[in-house]
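Next, two complexes with chain A in common: one pairs it with chain B, the other with chain C.
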Partner chain A sequence: MRSRTRKLSHPIMSLLGNKRWQFISIPLFAIVCSFIAASIIILIMGKNPLSAFYSLLQGGGFLPKPNYAAYKSVFTDFMDTMDALAVMILASLSVVAAFRAGLFNIGVSGQMLLSGFVATVLIGYSDLPSAIAKPLVIVIGIVVGALVGALIGYLKHKFNINEVVAAIMLNYLFQYTISYVINTRLADPVSRQSREISTAARLTLVGVQLGGIKMRVPLAIILAILCAIALLLFFTKTKQGYEMKAVGLNMVSSRYAGINTGKTTVVSMIMSGALAGLAGTSYYLGYYASIQPNVLSSTGFDSIAVALLGNSHPIGVIFSSLLITALSRGGTYMSSIVGIRQEISSLIVGIILLFSACGSYIRHIVDQYDYKSERGQS
Partner chain B sequence: MRKDAYIVEMRRITKRFSGVAANEDVSLGIYKGEVFALLGENGAGKSTLMNILFGMYEPDEGEIWVRGGKVSIKSPNEAVRLDIAMVHQHFKLVENYTVTENIVLGMEPVKRLCGVLPMVDLKSANEKVRELSRRYGLEVDPTAKIEDLKVYARQRVEILKMLYREADILIFDEPTAVLTPQEISALLNIIKKLRDDGKTIILISHKLEEIKQVANRCAILKRGKLLDVLDVSTTSTATMAKLMVGHELSLDIEKPPACFGTTVLQVKNLTVENKQRFTVVNNVSFSIREGEIFAIAGVSGNGQLEVADAITGMCAVKSGNIILDDSDITHKSVRERNQAGISYIPEDRQQTGLILDFSLADNLALKRYHTPPFCNGMVLRKSAFSRYANELIGKYDIRGGGANGKARAMSGGNQQKAIVAREIELQSRLTIFVQPTQGLDIGAIMDIREKMIQQRNNGKAILLISLELDEVLACADTIGVMYNGAMINIAPADSISANEVGEYMMGVKKYEESYA
Partner chain C sequence: MPTAIAGGAIAGGLIADVVIIDGLSFALPLLIIAIGGIYSERSGVTNLALEGLLGFGAFCGGLFVALFGTRFAIGSTAPMYLAFLCAMVGGAAYSLLHALLCVQFRANQVISGVVVNIVSVALTGFLTSQINASVFGAPSNKFVLSVSPRVTINSFSQIPVLGAVFTNFYPFEAISLIMVVILWYIMNRSRYGMRLRACGDNPHAADAAGAHVTRTRFAAVMFSGALSGFGGMCFAYSISNNFSPSIYMGAGYLAIAALIFGNWKIMPTFAACLIFGLARSGAYQLVKAMELSSSFSDLAMTIPYILTLLLLIFFSRSNRAPRALGEIYDKSKR
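Entry: the complex of A and B
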């Protein structure tokens, strides 16, 4: 019996056992497992999992729907997904930048909110032309986020205040202060959100007509991909990148090597904050054009798991962001077509994240198997 | 002798880890009431073999016979049931329990309060422990807490634990690695007493003198295979060493007479406090000259490590001065000290000396990555990293996964070689070696000591901090002894005997007496 299960599992295990490809094979394996688990759930509900997944892709704009409203096509949906994707990539890169130095930035949402708010107030309601307003929005996003990151990093370095605690407290501080200001000063009487910003300041071009189709053009997606590449180059090619990795892997050895660990901590949090700020402006002054009070964006929290799923690698994060964004965007359509509740698509996203968090456990099992199978042969 | 006289017999044992044989076709028999030694270099398979006997691993092939019957030992619990016990290198004791509580843990004697409530009968257990310790000369207070005990006393608790369980096959895994010379001879006496009492003892060691002193027979393992089983009384240590290493190896290193130059390092009235604000280095002063190996001897935990950390900037100085080549570096950063000319081979090679998840190339450049040719402004030049790594791999014979392999995957000896290579290549004025040969096999030990002496001959100043008296005596030009945070004696190596150093280390002989 035991040998039969070994025969069955052997090809999978030897596939996963290849160390060189583990960085991609293990996340893929986790995703496949989670889709199998999701299929079982959909089957139990009496629906066809294949048509569910098909409609999921249709909703995300990767496959054409049977019919579209006027001026819309599959490309319209796809560009909507790209808009959300830009925010997710930037937020996840923020998490990755902190992770690299062994820090955990759980305050991405708060940093997003503050920089989005500051940019909205300073630029969003001004009459500046597009060519000045847009770059200013980007710069303000980066600077505000970086300042928050610097504060968290400094508190950690100087007073040994855990960055998780500092970030969570700042999240509350920003959330409630900004909600107060929006509710009392900036609220739109109908939507109860902050008043819409000018189109000149918005990082997403809305209603662009191209070949008879109307669509959004998210400028932030270009920014996001550039940031991913820049971060990768920074990690692998620069002195600071080397120091950051060293500090993240072993604080004592880094000190022993003469690395200024305090400075490295602060720099890494500044980078993380700047990326979160950028995510914030592309969310509140791009994907949306207003700020909803009393709410922190869930993207800021999802980004932690997305960063893990992407192996904390700048380029990996682009793909994991794409997967998670596509799933959550397609969920609405899936629920209306197949007749399963939208919660199910959230459930699938949850299962994927759960499995991806088990990545190192899967690796452990594979390594164990490796050793056992060799013993079996002997 | 007839075969069934063996109390333990291991027949054709083979054990592989990831395809590499840790033990290959090893067969040996151990008689009742003898001290049987297992000798071999690091990684020769001694510990694996005994872990198989103790049920920690199952052999891939082969049989184990105990007291004439074939057994299958799947867990340490089953080994204990066969009256086999093991004292590991790292003790497994509950720190805040008393000696007796640790000893009875898992088989507590029960008495019933008012005839109903079950209670642990510590009083009778204390008595039994006291009786056992008296019988074998293992003096230790049954009511003392483990955290208050010194290392040798903790080891005694482990031995008592075996005796309390009435084990009669006792396995000792490198028991003397953590002990001072005086404690070692006490332990060897205990082992003899245990043998005279009819216990069978298996001693894992790579120290030839100990084996010569207590063992009856000795098995030599090399690369997982059994080379030979020797009668210790008729074999010289030189023969054993030759078999173990595989080639003739002189145990003495050639060390030309010292030729001291100007003073490189001066430590003046150094005082260091630990995190709990407890003084761990107390008013220590010494100096090291060019071409001098200054060795600090001492029992573990007497402030030696903190002296090294204070000199290298890893911990803060409370008061006093550290002067390197006429410039005061007491409050300089680690980087500034490195560049001023300090190399440091730390005690903990895995947690301090290396970043285990970095490649070997990244580790070898750990102290130079920020200078040309490794770095051009902000940008690293990876080609320089790999070129440098390959150069050092050849020059220092560092084996493992090559320049791009992770340091984690290398053996302890090669990890240490990498650190030594990196630090020596810095060409610093002062090199600090802390426990440089701990846990290494004879080949690697000799290699590192030779490198150290070569540095000295090249006119570098060397600070050697070692818990192994043999090492201090073999290498030092000047010996300082630390006890309780103070430097209680400094003397030229040729003017002081091993016994004297040992007495200073134990605090038997005090500073005043030596001048009286």
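Entry: the complex of A and C
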């Protein structure tokens, strides 16, 4: 019986056993498993999982829908997804930057909100021309996020305040203060959100006509990919990046090795905060053009899991963000076409994250299998 | 003139009473959730999943009331107590997911916690709408609960200031207090509690001494699930009187902040929760007493968080997490 199961599982195991490809094969395996699990759920509800996934891809703009409204095509949907993707990549990179030094930035949402708010107030309502306003928005996003990150890092280094607690407290502090300012001064009487910002300051160009179709052009996606590459180079090519990795792996021994762990902590939080700030400006001054009071975006929390799905690697994060964003963007269309609830798409996202969290366990099982089969042969 | 002064004194007294009454009804559920977190973290399992656990627990309780609440006599409090029981069982069952991921499947514990939260929000949102639609035929994303009764102990409520503690409290607050005592005893005086703490500080030594690390951690995480479920149900019965996605208002994260503030010990965490709850209700009453517009309550709500941050600057120096917190226990790595 035992040998039979082994024979059955052998192809999968040998596929996963290759150490060189494990970084990609194990996440893929987890994703396949989760799609099987999601299919079972959809089957139980009496719907066809294949058509559900197909419509999910249609909603995300990766496959054409049967019909479109005027001036719209599959490209319109695709660019919408790219806009959301930029935010997710930047937020996940922020988590990665902190994670590298063994820190946990749970305050991405709060940092996003604050930087988006400051940029909105300072630039969003001004009448600066586009060429000045857009770079200024980006700079403000980076600076505000970096300052919050620096504060959290400094509190950790100087007063031994756990970065998780400080970040949670700051999240609420920003949320309530900003909602007060929006409700009293900036609220639009109809939407109850902050007044819409000028198009000159917005990082997403809306309603661009190209070849007879209208679409949005998210500038932040370029920024996000540049940031991912820069972060990769920083981690692999610079001394500071190496020190950060050392501190993340073992704080005590890096201190013995002469690394200034306090400085590394603060620097890594500054980087994380700056990236979160960028995510915030591309969310509130790009994807949206206004801020909803009293709400922290869920992107900041989802990005933690997305960062892991991408192996906490700057380039891996691009792909995991793409997967998760595509799934969540397609949910509305899927529910209208297949007739299942929209919440099912967030459930699928949850299941994917759940399976990918088990990545190291899959690796462990594969290693054990290799070890056993090697012993069996000799 | 004298009557005016008396009137002011009574009003002042009332405000202090309201601050204490509201503060406690927020602080005690928060404390129960935080103690759940302490159990899990002292055993060596980081638990960011409290938010998801309390939501899922409250969902189970709400579901029970929605399904069976009508079978009881009108005005009966039995469904409420049974809902609390269901919430604890549901929370514990759901926490198995976190335990399985962290203890058995060697997942990163922080990530596992976040994922458990995400799944909980998605799952309860989905199930609530689905069940409402298919069982009750109503498009709604909430389960309506009855209002929890409030109790006043007359003989104690006459004590000045402190009398408010015995005035208008929810029954679950009294249960919480009893639970705190029992949980403190289990953690600090019982054999299980000692082993649990050993597993969080030095699992290899605990293992050598005969404790079963995996089993202890499993039990500890389930404790945290049950307690979070209880706390979530308290919020569902006191703040909102229904189960809806608004239960995920961040109380779980707040509880984590409180337990780290309390240095992973039950009594200091009690103090942290009390400070927090009283500052919160105090800020609310302040806005009310000064007759400011309701948008100021947002500003007032920042007071507890600022206060906590300031206090942390003074009290975190000696904070020390359990030594093996977040580490995967590997028997072969001695």
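To be clear about the criterion, the second predicted complex is superposed on the first by the 376 of 378 C-alpha atoms of A that agree within 3 Å, B and C clash if a C-alpha of one lies under 4 Å from a C-alpha of the other, contacts with A are read in each partner's own complex, and residues count from 1 in each chain.
As a working rule, a contact is a pair of C-beta atoms (placed from the backbone, for glycine too) under 8 Å apart; a residue touches a chain by one contact, two chains touch by 3 or more.
Because the structure is predicted, anything quoted here is derived from the model rather than measured.
Participant: Touch test for A:257: chain B only (first), chain C only (second), both, or neither?
Facilitator: first
Participant: Looking only at contacts as defined up top, I'd like to know whether chain B or chain C touches more of chain A.
Facilitator: So, of the two partners, C touches more residues of chain A.
Participant: Applying the document's definition of touch, where does A:195 land relative to chain B and chain C: first, second, both, or neither?
Facilitator: Touch status of A:195: no partner.
Participant: On the A-aligned overlay, A:364 touches which partner chain: chain B = first, chain C = second, or both, or neither?
Facilitator: second
Participant: Does chain B (first) or chain C (second) touch A:72, or do both, or does neither?
Facilitator: Neither chain B nor chain C is touched by A:72.
Participant: Go through the superposed model and pick first if A:179 touches only chain B, second if only chain C, both, or neither.
Facilitator: second
Participant: Now for A:313: first (chain B), second (chain C), both, or neither, which partner does it touch?
Facilitator: Neither: A:313 stays clear of chain B and chain C.
Participant: Which residues would you name on chain A as touching chain B in one complex and chain C in the other?
Facilitator: Looking at chain A, the two contact sets are disjoint.
Participant: Can you tell me which positions in chain A touch chain C when the two form their complex?
Facilitator: So the residues of chain A touching chain C come out as 104, 106, 155, 159-162, 164-166, 168-173, 176-177, 179-180, 183-184, 293-294, 301-302, 304-305, 308, 341, 343-344, 346-347, 349-351, 353-354, 357-361, 364.
Participant: Spell out the residues on chain A that touch chain B in their complex, using ranges where they run on.
Facilitator: Within the complex, chain A contacts chain B at residues 237-242, 245-246, 249-250, 252-260, 370-371, 374-375, 378.
Participant: Which residues, counting only chain C, touch chain A once they are in their complex?
Facilitator: Chain C residues touching chain A: 48, 97, 101, 104-108, 110-112, 114-115, 117-119, 121-123, 125-126, 129-130, 250, 253-254, 256-257, 260-261, 295-296, 298-299, 301-302, 305-306, 308-309, 312-313, 316-317, 319, 321.
Participant: Okay, in this complex, where on chain B does chain A touch?
Facilitator: Answer in residue numbers: 14, 16-19, 60-61, 312, 314, 333-335, 337-339, 344, 346, 351-358, 362, 366-367, 369-370, 375, 378-380, 382.
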